[in-house]
Amino acid sequence: MLLGRVAGTLVASRKEETLEGLKFLVVRQLDVDNEDTGGYVVAADAVGAGVGEVVLYATGSSARQTVLTHNRPCDAVIMAIVDTWEVGGTEVWHK
Amino acid sequence: MLLGRVAGTLVASRKEETLEGLKFLVVRQLDVDNEDTGGYVVAADAVGAGVGEVVLYATGSSARQTVLTHNRPCDAVIMAIVDTWEVGGTEVWHK
Amino acid sequence: MLLGRVAGTLVASRKEETLEGLKFLVVRQLDVDNEDTGGYVVAADAVGAGVGEVVLYATGSSARQTVLTHNRPCDAVIMAIVDTWEVGGTEVWHK
Amino acid sequence: MLLGRVAGTLVASRKEETLEGLKFLVVRQLDVDNEDTGGYVVAADAVGAGVGEVVLYATGSSARQTVLTHNRPCDAVIMAIVDTWEVGGTEVWHK
Amino acid sequence: MLLGRVAGTLVASRKEETLEGLKFLVVRQLDVDNEDTGGYVVAADAVGAGVGEVVLYATGSSARQTVLTHNRPCDAVIMAIVDTWEVGGTEVWHK
């Protein structure tokens, strides 16, 4: 999984049928120091994340292992909202 | 998923049999600011996207979770046409 | 899928048994302007491609969705020979 | 698999239900000379790794092939703690 | 698949149970000109490769399609030892 910050929302009305009802969020990738890496992903939201929240997202076939994304053409999912992480004994982020 | 703009079309008459009927599009990857990243992918089209349209595409095994691509040797699919996305409260793209 | 040009051949007599009979080709990756990217892949050939031909290749689990590669430890397959592609209304490549 | 050093821990109380009980670790990627590459991953821990330990981690669908991660939306797992590795006849790391 | 040269060995006594008996090798990635790319992978050995040998390795779910790695949390496998490859009609490597 990688760390990300929810940066915004995306609307797509014309899409593969099975994607109906999924919420897509634009997620900027973060490094372990909570800095933007410049990378991003558009992920389905499985946990009710809001804009600005720090999240974990999974990609590839693992992104289809949630109730919402099962068997759907979706390769990235937000599967957790991060409360806190620490590196080298120092807290980097606290919600 | 990643954002892309359909840049063109591709024709391949000699191919694995199961790919018969699939439409291949050349897609330039976009970043969250709607700029070309320099990356690209050739994707199967599951939603009837046209040249110039902004789309979402999925890669890997998730690209086989559409009716058109199921069980086919296809690792990228356009599964949605993007209407709009916003980042930081500002609309970046509107169809 | 990505675009590639078949650059050469590879022989491996000692290999996982199920790979017996597969033809391996060295493929240089191309960008949408038909230029070498510097990347490459060694791919199984599912379509009878020859050295110098421009091809499409699929990677990951999708590379196992051909008759030849099914259930084999193979993560890249040439699944089509490209006749032509165009970008922005201009033909970039014609076989 | 890639080499990594466990750099810290991560807590996420709101997450996909099936992830309950999984321990998430922040892992910095190492190269073969035991230097940080700058890359990282947040991985589930399948072997009881501690902060500071050098580990092997698997990504993608292979990350779901442990008892702990089976069928879960998890794309990275620590599946071994490294005792030692050598390159060119020289021991690079010894636990 | 990618080309690699076996650079060394790795020992991990504490690991996911199903990995018992697998031999892990440190593999430096090669480009088509037989030069180190700087990349590497730790791969399971399915063909009895030795240090110094030039090999092909597969990654992702395809790495689990060998008898040794089936259903194991392993995302890279050496599935062939390379005898020779040629590029542009010139032999780059001969065992």
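Per-chain numbering from 1; labels A, B, C, D and E assigned in written order.
As a working rule, contacts are C-beta pairs under 8 Å (C-beta built on N, C-alpha and C of every residue); 3 or more make two chains touch, one makes a residue touch a chain.
Everything numeric here is computed off the predicted structure, so don't read it as measured data.
Considering the contact criterion stated above, no chain is in touch with subunit A and with subunit D alike. Chain geometry summary: the mean Cα position of subunit A and that of subunit E are 32 Å apart.
For the pair subunit B and subunit C, the distance between mean C-alpha positions equals 20 Å. Touching two or more other chains at once are residues 60-61, 63-64 of subunit B. If each chain is drawn as a node and touching chains are joined, the picture is one closed loop, every chain linked to exactly two others. If you walk the ring beginning with subunit B and heading to subunit C next, you pass the chains as B, C, E, D, A. Residues of subunit B touching subunit C in their complex: 7-16, 18-19, 24, 26, 28, 40-43, 51, 60-61, 63-64, 71-76.
Against subunit C, the residues of subunit E that register as touching in their complex are 1-3, 31-32, 46-48, 56, 58-67, 69, 77, 79-89, 92.
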